[in-house]
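Attaching a single structure in structure tokens format; questions to follow.
All chains are identified by letter, namely A, B, C and D, in their written order; residue positions are counted from 1 within each chain.
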């Protein structure tokens, strides 16, 4: 059985394990105040061209999301988010558990918000005579890539950033799969753009080659203040914080992060091409490591004999979209095996 | 200027003030443990034919809603609710502030949920392999009448009650305007039905003739336990609790509650008839004290010269729905004046 | 049976009921945006000599406390409070329910904090190398009078205010019984002092002659912003907000608030003198309307034949402190009857 | 510089890294549903002789604490805890952030609660006429060993367990350093005792040889239900959950967990003996891996030249207690070096 159901079915890139083994007996301070974390922070600041940024390492995405959102919002505020956003549908209400409403906005299959839509939502809030009876929008949450692997363009992010600035909203980008976004074919969004347009975002490690870990980059001065208290309160302050620093240090030295994500993207494009050649349309276009082909229901068990995939959603009474993911660990042989299987299924149509 | 914008523009029915004045110097215990509260509880239990019910008096609707919901749900649970439900749109996220997601379901202009829709939502939760990553439905919240004045039938409530029982959901009915529902023409839902079908509901006082106050009727044993702690924690335990007991005692003695609401319904029907005679369609049919006619935008300022109303929503580029409410304090003269004005506006079309 | 167990056993001062009756049919906007509220606000601003203050009317004390504290603190902050403070012991954890720790500091029987103690607590927080693992003090909560009826002097408040300003703490005074504090014999603290020294405080109505209601005076600009959202979210926005405005308007016109509280203080002093003459020591000195004599346990049932009182605390194996309260409704006859009974009990010793 | 300031200054026991490297490319499901987690669960159940126990792996202690407490308590309940307990003083109010008050009880320097004290607290709650205005005790939180390294005896835990059962309190033992407790000289408390007396407890990994991780053992049926939702909501569900399973599997196979903790205890006893031989009294007796000698202040910088330690607390104007910890990584050479240094300091007295 070959696993394509998600991008966290294996351990970590071997370089990371090597670094852990090599440094195992070195004694350091805890809670992220060690030299490895410091070096990793320096590399991230440099990569973002943001010498003033604060960098914090957290263990996972849900933790990063609610910690950032709780730190940013006042109690009467909520976070604007595409209705398919991870915080809205896949985190067991972690944001609401901190007291804040997720203000879900409609979005297409790409899972993106646009500047006009955000502006309309905020304007309509303030124009309503009873706005004090409603949750005030305080932040915009996006993911890049989105849940279905789509990317924002630099222009789209600039427009969203401008709306956020005009209306006093924080802009937060969930980058759980940011490595794939930054290395996707044709993207014009770099780390530098995120650092200048967002108030806070993160570089995901868990889904991009690390054992675990997310590097939160805090740009806005208001959010910087006392951020470590929030991490501790939310259960995100790893005692052996160096484990996080070491992993990001390894990923960012010699651009490992980017090279492994780029390779996974290319493998995913092969899979996408195979799907389309086989006559399976895609739920939404994706240039990153997740692909969402639509298959006739009767083919799912056939594909499932040799490969794992995620059931994504029902498309019509006879068809479903599935998710196929590549990762740093996906081999070309595995990719080829999957593509062949897909093409065979296509002929069976 | 005559106020039709809401049903709480004046004080209370004169009988209530009379009772307050009469008992003012009587000394009683506080926090709802006085004889007036006890008598009012007995009357409500009798009216509901629910001798085992616990009755608690709270000051207002938002307070009643979040107190009940917080008492009922475990932290990973949310409350199913029509997307237009008061807790979803008009309480500044009070439910989320207690840590729970409002699971908004689509609804038509009537603002109602149906049993099939609730069942589908719960089933889809449990059938999803990643349901532990999602908020678990734990309660259904309805209002009767709905936000746009519509009513459930007994059969509809019975079906919803059956789904709730099957899937282990609490059923909660917000009765901020329950008096109007119970006395509306043609309804087959009585207090007895609510008491046997719901786990908890309330009889609204604030919008039905009292100065303030909601009488929460708790039927389910699990919800009864320690409920007074929740009231106190949520800021809802009035020191001079007798004020609430006295008001409900006055309203329920000699059926004052029902007679004043019935009269307001009849006045509202007159207004509805005038609107339709004038050629103004209704946003949704309502047999209760709130009416939502759709008017051409240019007529709004004309109507607004002599009458207040609530702007409800934009219907198309040239038309808007407004809300007109009657109450215990609405006189027939005021109703007639409004109807005449509407008919005149109709001719001006 | 004559009630001395608390200061909310009866309705309201008759002038308040008169005002409610007189204005009952006047139509106004809801939610505190009516002319009565506006006038009451103007009177309070004037009495405080604080023309820039924002005034909000809430229904009760617990509600006022958690609404103010939630509005003021960021999630990692807590509120410093005497260990006997109302928010620490008598509000069912309402502050914790909003996510904030009550940082209880030791205090004597008077129930007061002092500036040095507050400063020591804050300094020790910041000096601890692991302060990010601890709750950051963000506010100081006092009550004036305290739970046992004691008063701060102007100098004490000035010193506390200076510490708060130096360390960036908000200063919040719970004035549930403020009327008694302001009119107590020998006090040098006036409304003007509170307005210049606090960031937020309230004038209690519930325990000072109103049916219910607390007038929150917000001085600090940061706390003013969006405060009405917090009121609504916490369930404190009364639909018929005018009821609150009208009550404070009545209390503050012609100094009714002050005259009724002063009279109750004088009656309480008589009771205190009787206790001491009878040989019963006081738990702590009080110049306000609550008195806490210490009685032999066997006398409690004797006193309880004709008078209600609150059991306060066990003092030793044979003695207990009880609470005796006067209020606007206490008559001189009732006071005299209580004093005679106490003197008789003293002779029985 | 040799680190004795805490027990998490290094990586993990080499066997753990070996296991991670060996299994790195194996593909498994995520979120703790992999074969390594299953095997580790089986070993823990066996070690506890609790075949019905549910075992969940979380990343860290603060996370484990608030997740368990939030799952167990209803909103009006709090958790009884020694005033020095970790949740009360070192987790940035994480428990309060979930809405619950920590009900701190006084304790001696050993940091222990006793059954009588717990019973008195609960009785006094229910006997108070205004208990609904107070937080209801719902759980007892202990740590074993305590913050200062002390241990409960089996009899003490049995008595506490009996009080908890009688009063309907959950009993929760924080076992962040449980390995040291279970292998301490003279203890009569085994895993089996914890499993039969507690409703929930955890075996700490982070401080007992793992990179990170705590194994939560849930015994009480009520707490078992839906526990994975709580883990996800609190940010504690590791995507690559196998990392946790693998570590506990490694630690529990061939009793590695116990042998490394036992060795650290012995080293700590050597340090304790050296301190006492040198004339430095201990703050509290400890038979586990943490020792708290009291030193004259002027000796601290001398000791600090070659060794790190934690400053613990001021004892008097000239003396302070410090913390010295051993761990799986402490060598006998390091221990000897520290003991010699302490003895030298003693001579300098």
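Rule of thumb we're sticking to: contacts are C-beta pairs under 8 Å (C-beta built on N, C-alpha and C of every residue); 3 or more make two chains touch, one makes a residue touch a chain.
The structure presented is a predicted model; accordingly, all values stated were derived computationally and were not measured.
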{"item": "Same vs different contact residues, chain C with chain D, by half of numbers used", "value": "same"}
{"item": "Selected pair, greater C-beta contact count between A-C and A-B", "value": "A-B"}
{"item": "Where chain A and chain C are represented by their mean Cα positions, the distance between them in whole Å", "value": "50"}
{"item": "Computed distance of Cα centres, chain B from chain A, in Å", "value": "42"}
{"item": "For chain B, residues that touch 2 or more chains besides their own", "value": "75-76, 91-93, 97-99, 132-133, 229, 232-233, 237"}
{"item": "Footprint of chain C on chain B - complex, ascending", "value": "1-3, 6, 8-12, 14, 17, 20-21, 23-30, 59-63, 66-67, 91-94, 97-98, 206-207, 211-212, 229, 232-240, 242-243, 329"}
{"item": "For the chain C and chain D complex, residues of the former touching the latter", "value": "75-76, 78, 89-93, 96-102, 129-130, 132-135, 311"}
{"item": "Partner chain A, residues of chain C touching it in the complex", "value": "70-71, 74-76, 98-99, 132-133, 136, 226, 228-230, 232-233, 237"}
